[in-house]
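Given below, in the form of structure tokens, are the structures.
In the two complexes below, subunit A is the common chain; its partner is subunit B in one and subunit C in the other.
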Partner chain A sequence: MSMSSVARLAGTVVLVATCAFAAKAQTSGEPVKIGAIVSVTGAGAGLGIPERNGMLLAEKTINAKGGINGRPIRLIIEDDASNPDTALSKANELLFGQKVIGLLGPSLTASTVAVGGVTHANKIPQIAFTGIGPAVEKERKCVAHVLPPQKLNAQALLEYAKSIKAAKVGVLHDAGYGNVVMAEIRPIAESYGVKLVAVEKFEVGATDTTTQAAKVKAAQPDAVFIIATSATPFRNVKQLQMTQPVVAAIGSSSYEYVNAMGPGADNVVIPEFVVGEDPLPHQKAFVDLYKQTYNSTPKNFETAGWDAVHIMAQAIGKAGPNATPQAVCDAMRGPYSGVLANYDFAADDMTGIPLSSYVFSKLVGGKYTRIPFRIAQ
Partner chain B sequence: MTRRLLWIAVALVIWAMLPFVVPRNIADLLVFTGIYTVAGLGIGLLLGHCGIVNLAQATFYGLGAYASAYCTVMMGLPSAVGFVVGAAISMTLAYVIGRPILRLTGYFLALGTLALSAIASALFFEWDWLTGGTLGIGGIPKIDIFGFVLDRPSRYYFFVWIVAFACMAAARNLVDSRTGLMLRAMRDSNTAAASLSIDLQGLRTRVFVVCALFGSLAGSLFAHHVSFVSTQSFTVDRSISFLLIPVIGGATSIPGIVAGAVFVTFLPEFLSNLGDIHQILFGLALVAVVVMLPDGLMGALNRIRARYAARGNRNAD
Partner chain C sequence: MTLSLVLQAVFAGVTNGMVYALVGMGLAAIFKGSRVINAMQGEFSVIGAMTTVLLLTKAGWPYPAAILGGSLAGALVGAFIEVAFVRYMAAKNASEDSFLLLTIGLALTLSASILFFVGRDGHLLPPLGGEGVLIVLDAVMQFHALWLIAIGIAVTLLLRAFFHRTTVGLSMMAASIDADGAATTGINVRRMRTFTFILGGLLGAVGGILVTPLIGVDYQLGLNLTLKGFAAAVLGGLTNPLGAAVGGITLGLVESLAIIGISSSYKDVVAFSVLIVIMILMPHGMLGRAGRRGG
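And now, the complex of A and B:
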């Protein structure tokens, strides 16, 4: 080992020790307990695991900076196994057993709505990792959402189609998430000058969608939308040698899906929020910190986890150390500039994400590249 | 007799006090145990007394839940209407589907019920105009009994368990009746039962309809507890977990169904404290119970009691 290496190592040790000491010195007193429910196992694990990583990093960072008014925060994270019944039991345990001041999650819509019934009734702040769901959620003013409603995802897809002058669009979507986004696309497609020439649905988890892709190909669209949480339709579109531009919804943007797409991933455009390979200036610090900590590139759900903890911490800080959950809830309702997007939790959809928050990325060789197209304010 | 009454009185006092002394999350799990007991009772009747493996209970559970959700949220009707409509639809469907598929036996019948569950799960997804699809139906009101709203687990617990006890009493009545004797004769030998002029298909269909009724009631109870229903709660996985209830507890025993419901409700909850491997551990626990206790938890308990009784008799001699 050279002298310079020794010096670097010693420097790192001193820096880490200083940070650790500083963190201990800066926070004191009873930790502020925040509960979190994510799907770490089951069908929603692809969402829950990155969300958990983002939350843990945020907890560490906030505590290193002195916590909330000097008090450290403590996240109590539970796994709902992608099951709404379990999510409800976990919420009851966190809210009434652990007496957390607020709740983050869950990862899936069904669980979010189930848990929202308890948080709303007891006026406890909740920040969900889903877009707003059924109509009943509009009444729940203590349940904020850090991901966009599906209508916004639909608008983002259509904005891109309009920008590439795709007048005829074919759609491949699954019967779950894809169905919801599709229901939002239908009534507004015409206003974007888009005609839906073929809309083909397939089962969630289908292992072959060649028949549906062939029907879309036969309709000769100018572009193809793929709206699913699956890599299968991307592979099938490639196998059928379809040359039209493919635009995918955010649901299939994780690296797990991209790796499974194989060559089908090439040139796919995705409207999303965080391109880890080329982040926006305000996202860079988070992306660098995440890469340093986990040795991987963060995407949208990691960032949502990070933002949710910060939003909750800021609201608790604003409401004061002995504030009631209702006061935290009130403090949360307002604008917040996050890493994922600029939110406004006073908006009707309890998200307030503007359409202009979307960035558009293109997949090349399994890596994302941010393209210049943005939606105007 | 006095001793038995004393035990019953003690058990009733414990039952009545339980939701007030346990934390809210445990009270919530006790509510789910009651709901799963109702759903598991039907499966237990089919499995333990007819030898039929039913993998379609999530279908009737879903029908009950959606009926309650639709009647109360979309139509503004009282909760009781949802219960009745769900039960009527489930029983009718069970009769219409049961007549043809209950001609099958063994693995073929199990696969037939599995197919029914898969079809229903797909329809719950597809008919989003009725079920809300992935987004589901939210805002299902809590049950209100003469102005007393069952809006927390400690209150709903009593309602759910009274329904569960009523279902258990009905199941016990069925098993102890002449029909129960016919069921056991059919389970042990189809040919012998047929030679005694027992209408095998009619009998199986009747029990299948009763099973559907219990499934539907459980679904309605679930909907009013969670206040939200979506397709994620009525998949084939749910049918499998309902089947586990009698398999683990003991299919021929009604208290065994309660033991099985406690197992599938509480064990995953406690194992989840052990980290991300909790589902693997739950799977291992299931394998251990099935291999080591082939008659289920109640079968093992009965064996232990018989052994003690035999030892007591030997000592007396």
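And now, the complex of A and C:
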């Protein structure tokens, strides 16, 4: 290597180092530690992995913009392996060992309820990646939720059924997630002018639901709801040559399931929040940044991760540099315009997402497209 | 309840039943040949199906070659497990419980490996006979399901002929009924046990490949198949691989008829109650006694 190339190399190194320094230079001081618990392994990994990606991108972006009032944030992310016991012990370590100022996650309802017991008792702000679950969560005013309660998902499905004038609806649902949403649909269906003509259940992870689908078909519904976390019922409905519009709950909205639906994915409509292929104007900047960084298209859970970090950072900033967790918790309670939805954490359900935040996607040739239908405010 | 709904339930029941049967036959073949309850039988199906998917989509092999490759992968993994683990443990007189624990461990390991190397996504294979369907009285059956049933029946008959007519099959049966006696007549009992695992792996893989166009394959399918296959095998008589075929079809039919007859909410309650009654009336399984006579 000649002298000049050595000099050039050294110059480049200095330049790169300076650039890196320049990016970092905007933040200084002790980092603000925020804990996070997500399910990166186990049954909830389909939620936890995208949530983690969204959070990491938010951390990087916030720090590049100067952190919280000049101080960088540092996320300490732990995996609960989709297990509430693990979530609880990781939460204790983060809250009392690492002394984080707030907690993000967990990904699953059971874990959220377990961890919420600690954050609530100690007035530590928590932003969960779940919709509000059992009644006890209503009293936990330091536990915010960035995803909607199942009742809202039920309403969104029925709103769409009403819009396509489906008076008779058949439902295929699984015995887990599907059961919970179904319990919310039953009492309100009639008020949307919807009669449930067949409601058929199958176990979580069922490999075949043809017979259940055949019963729904025999009831001759105008539309079919599928509420499940699997691709099986979608394929079976297609295999039985059912021609009714299929509306699916948000739980099956990921390419992981869509790819496994095969031809069954065609024309399925899903009420959700982010259609990465065609985002709403206020979602575009996030979607573009995400695509650049990860080379994949973000959906609801990536966005929830991104929003949660921003909500927490904003609350910490608002509460001031030496604020207690309780002060951050108080600062968090109020409206926030996120990428996923417009929240109001002062609302009774600790999320305040309005139905108008839903967008409706339709699967065309195995790809998401956004349809114009929106629910009025 | 209309006739077409009943017919649809029968179609679905026989199709699912044949899948349970293929998994169950592999399980029973391995149990018969080695007294190992193979809790990773469903994993053979996942390996066979995933290999076929990868050969077809990533390596660009033609479909028949990919199917052959997938089936061989199942057989190879079966052989590997016998040679690497079972043989060693059997030499030390491991108990049936130890073998069960081994296969449970292997099932979890394989499932996790597939998750790590292939990912979470579900995959489908193209249906044999195309996307066409047979419609009888409004009840729909995919051509592929017909292929699945036909191949399932062929495999069952071949298996029967194999155990009754070929030297290897007869030797395998002899080795399983009386290992010492078989050894004195010059049968290599250890090799026969390897063959049983190859056979079990092959049957599992074939089942997995056949079912993938209908239900898709992902890393967590294995356990589901094992449980249903195990129920089929026990129902038919665990010592008789052909019993698993009868058990599988029975289970599939009872399940789907329970859905239309009673309610999908009580499907498992009804299906498993029927199984309990069958087991009380026929404690050796539906074809268990035939199995004791040697299948």
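Rule of thumb we're sticking to: the second predicted complex is superposed on the first by the 355 of 377 C-alpha atoms of A that agree within 3 Å, B and C clash if a C-alpha of one lies under 4 Å from a C-alpha of the other, contacts with A are read in each partner's own complex, and residues count from 1 in each chain.
Please note the rule applied: a residue touches a chain if its C-beta (ideal position, glycine included) is under 8 Å from a C-beta of that chain, and two chains touch if they have at least 3 such contacts.
Fair warning: this is a prediction, and the values are worked out from it, not measured in the lab.
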| item | value |
| --- | --- |
| Fit or clash between subunit C and subunit B when superposed on subunit A | fit |
| Contacts of A:Gly97 with subunit B and subunit C, given as first, second, both or neither | first |
| First, second, both or neither for A:Thr109, with subunit B first and subunit C second | first |
| Which superposed partner A:Pro263 touches (first subunit B, second subunit C, both, neither) | second |
| Which of subunit B and subunit C A:Gly205 touches, first, second, both or neither | second |
| Contacts of A:Gln241 with subunit B and subunit C, given as first, second, both or neither | second |
| First, second, both or neither for A:Val136, with subunit B first and subunit C second | first |
| Subunit C versus subunit B - closest C-alpha approach in the superposed model, Å | 7 |
| Overlap of subunit C and subunit B interfaces on subunit A (superposed complexes) | 203 |
| Residues of subunit B defined as touching subunit A within the complex | 23-25, 27-29, 32, 122, 125-126, 128, 132-139, 151, 153, 222, 226-228, 230-233, 268-269, 272, 276, 278-279 |
| Subunit B partner contacts - residues on subunit A that touch it in the complex | 40-42, 78-79, 81-86, 88-90, 92-93, 95-97, 108-111, 113-114, 116-117, 121, 133-137, 139, 175-177, 179-180, 183, 203-204 |
| Subunit C-facing residues of subunit A, complex | 45-46, 200-203, 205, 207-208, 210-212, 214-215, 218, 231-232, 235, 239-241, 255-257, 259-260, 262-263 |
| Residues of subunit C touching subunit A in the complex | 2, 4-5, 8-9, 11-13, 15-16, 19, 120-124, 131, 133, 139-140, 142, 211, 214-216, 218, 220-221, 224-225, 228, 255-256, 259-260, 264-265, 267-268 |
